[in-house]
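Have a look at these structures, which come just after this line.
In the two assemblies presented below, chain A is common to both, partnered first by chain B and then by chain C.
Right, the complex of A and B next:
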């Protein structure tokens, strides 16, 4: 249970293209942070550097303010849950959980008691005599979690822990992991490429791309105030509508449509962002024909063919339902719209657009 | 379009197709069994003949009549055995099998029982078999008791397989896990060495062993056969280690194990099947070794089973086929026992590594 600090952390297998390119980060004690990013963005490399498996090329890793760069992986007391769970197939579940304690030189009965306590916490106390191969995916996941937690780690690292589980189990484990993490108050880093996992579980999200941190903040911050088009398109499901526009003295021309602009910018080339959940059917607004329909249960995702291309929007099932080919109009509140600079892909603060 | 499809469905005679498929499947299986039986006969019959000769031949002559009599009982017996095994279950199967077994044995005993004797196996208890056969003072003292050759063979096989297993395990692990300069070249080299026949190096090896002062000792052939077979075994072990996921090792290390402990507790148990497999292969190779044990001795300084068998089959013993067969059977037994006990492990040996 430690405070973790990363200072300008860098890892370069090849000098010209670093996998992790200068990361600065500060994690509070007991915090659950999530590193979110597409595959190959350096999130797993960061994780393995924290664990001490990889040595950083440059930069510092600090646990509670002490530099641990040169501390061996086995002495860092870091618990990892791998995507493959990495259970030891030759040992029973109990021995798997006891394995980390073996090196702590605890008396046997004390170690076993701790192992049983943690097994109870993750609810696998009935499975202790089994072999990993006799367990289901979800049970293996719990064993891996127990093994990572039994040594009372300074830091818990979860590397895509849910991606091998089926949908219901994933939902279940998401809240389970959060519950256990809060109960033990262990500083945790969750690596994932699934934005739902990140937003539902984490206190803070670290959005990474190409080895760099793009944005760091609470899930709400990332959702409402993404710093760039990358973050905006990564967070939120279904993904944000993005379309290109031209700034023509306070009027955004996007295809054949014109939008009014709130706020001012001297940038000419813009990208407009609009979340499907912020769009409503309206009397006045953009006209289009329904193109695709995806029922999601409580809501229906419509694809509307407009003059700027397809715009996706969500409508509650309780409202009137539409068929393919129906003519509808949509509108939205300007406060929920985002505008990005097309060249730098950065968000332009307090610039919005609306239907004229 | 839809109409055409439904019409073609209506005329399909599913029952006829199912019957046809069944017939073809049955024919295929029948053909396969026939083919395999025919192919295995030339392999099984010589072994069986050897066994029959060893128990029935009297000085010089070979009683082929015994073979035919025995086969005429045993072939129908095996067929009946298979039929019973397929068609009956539980206690009825056991009863039927015992009954046919007893009947077959009784008939067999009445037919050939009078011809069966153990005289050909007298070399097992007679320390000086040459004198026994050719009278006193014939090459006496030169030719050893069979147990001496047996112990020597056991020594060669055990020590060489121990060396092979030890070296190939460590080398395989290193090649699988560590990158070092010249690793690809080393791997290619291993394969190239294996491609040359060992025979072409006999003279240089003889000289080398002479310089080392190991001529006429068992250590000569042990070292040489270990060296010659190591490349292949190293390659096989590398394949097994490649099959062990990295995650497991990383997990062990972050659980507090040193690299060596991780290897010992976590990685090694997972290549157990591979170690057993190459251990058995190495043992059998050492057990059957003939070329180097004959070429690296100048007189009759040591005897192993292969050279013993060779001399028994030579004129010096006055070609006694009964005894040749008996020695062969005796020579075969250790390999057979190993195969029977570790069959399962041997079939797991694939170039790719560990199966499921």
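Right, the complex of A and C next:
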């Protein structure tokens, strides 16, 4: 359980395109932070540098205030769970869990007791004699978790740990990992490209793109106040509606539609953002015809063909249902809208739009 | 419908397997039967056959009333068997498996470029023509002061001159064959090591394992099957190999293994006596030994499982 600090951390396989490009970060003891980003954004590289498997090109990694750049992976006391679980195929489950303790020179009975305790915590105590190939994906994932936790790591790293599980199991393991993490109070970094995983599990989200931290904050902050179009489109499901608009003295012209603007900006080229869940069917508003229908269970995702393109919106199933071709009007509260500068893709603070 | 299906099956079978069956029959099965047939004759240089006889085998075995099996091995044959066993076991154990493994482990631990460089060097003996390779050895071990080995021995260690052919013939043929044989193991084991998922190495490092523990607990278990394969394959290859022995040692008695014996008694230029039936009899015994060893090793290493399901776990 350590406090983790990254100072200007950089990893460049090729000098001109660094995989990780100078990130700064401070994690509190016992915190569960999630690094979220698309593939190739540098999140796994960051993780492997924390584990000591890759050496940083420059910058510092500190555990509890001490620089560990030159500490070998085996001496860092970091637990990792990989997407593939990476269980040792020739060893039983018990020996897999015992493996990290081998190098701690614990007496055999003590080591075995600890392995059994941790197996109980992740609920695999009945599987200890099996081989990894005889386990289901969910069970393998629990074994991998037990192996990472048995040595009481300073830091627990989870590299896309849920990506290979089916939907139900994923839901289950999400809360399970969170429970275990809180119980052991181990500082944890979860690397994922799945925003739902990040928002449901993490205390804080570190949103990365192209080797840089784009935004760092609570899930709510990232959802409500994304700093840029990238974060806005990455967080939220179904994804945010984004359409281009032109600032014409306080009126936003988007295709053939005109929107009123709250707040002021001198930027001309804008991008308007609107989340599907913030749109309602209304008497007054943007007119369009229903184009696609995707039932999601409790809600239905409609694609509405409007004069500025397709706008997606969610309606609860209990409301009147619409068919393809129906003519409907939609409206929204201006406070839920976001406006971005089209050139820098940054969000313009306190600028919103509404249906005139 | 059903009958056309069956005839279709036979057509497919014929189309796909006929070439293989013809080749197998013509190049493997037929020669074995021919060999067995010739072994029981008195065929010699003139190729005349006067009838069936077991006289060739009496050159190896002599009937002894009170021995357990009713016969004993003759001294010369026993010596050939012993030399063959020594040669096969030493080359296999020291070079083809152990040294191949060491090469694979060290070259994969090095950086990609350096590793490939060393692997390429170790492939050179296999790639160079056998006569050139043998010639290089002859120069190296030349018993006079001009030989490379003796230059090193005399000028650096102050010993020698050493006459390898005369005093260490077995060591010489084991090393010269081993340098070639090790590269096969090296290649197969290198690719096996490469196919281990890299996350397993990361996990082991994070778990606190050093290079030795990783080799022992992660790499070696993954090499069990390739090692079994190399052992079986190379045992059979070494059993019948005589090319380099003949090129380096000539028909020397000190390295007259079974395969060498068969060759020198029949076809070897200059010394071959054209004793075809005798050579065929030796070859037949070699075939029996080969089949027996292959089945034994197959059984011991559970090779059946290797070829029925993939043994490298890809996750």
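Everything that follows uses one rule, which is that the second predicted complex is superposed on the first by the 356 of 356 C-alpha atoms of A that agree within 3 Å, B and C clash if a C-alpha of one lies under 4 Å from a C-alpha of the other, contacts with A are read in each partner's own complex, and residues count from 1 in each chain.
As a working rule, contacts are C-beta pairs under 8 Å (C-beta built on N, C-alpha and C of every residue); 3 or more make two chains touch, one makes a residue touch a chain.
Just so we're clear, the structure is a prediction, and the values are computed from it rather than from any experiment.
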- After aligning the two structures on chain A, examine chain B and chain C and state clash or fit. clash
- Task: Figure out whether A:226 sits in contact with chain B (first) or chain C (second), or with both, or with neither.
- Result: neither
- Message: Applying the document's definition of touch, where does A:48 land relative to chain B and chain C: first, second, both, or neither?
- Response: both
- Task: Classify the contacts of A:79 with the two partner chains as first (chain B alone), second (chain C alone), both, or neither.
- Result: both
- Would you sort A:151 into first (chain B), second (chain C), both or neither based on which partner it touches? both
- Between chain B (first) and chain C (second), which does A:236 come into contact with in this model arrangement: first, second, both, or neither? neither
- Query: Residue overlap on chain A between the chain B contact set and the chain C contact set?
  - Reply: 48, 51-53, 73-80, 82, 84, 86, 88-90, 99-100, 102-104, 147, 151
- Residue positions on chain C within touch of chain A in the complex are 197, 199-200, 202-210, 213, 217-218, 221-222, 313, 315
- Mind listing the chain B positions that touch chain A in their complex? 245, 247-248, 250-258, 261, 265-266, 269-270, 272
- Task: Write out the stretch or stretches of chain A touching chain C in their complex.
- Result: 48, 51-53, 72-80, 82, 84-86, 88-91, 99-100, 102-104, 133, 147-148, 151
- The residues of chain A that touch chain B in their complex are 48, 51-53, 73-80, 82-84, 86-90, 99-100, 102-104, 147, 151
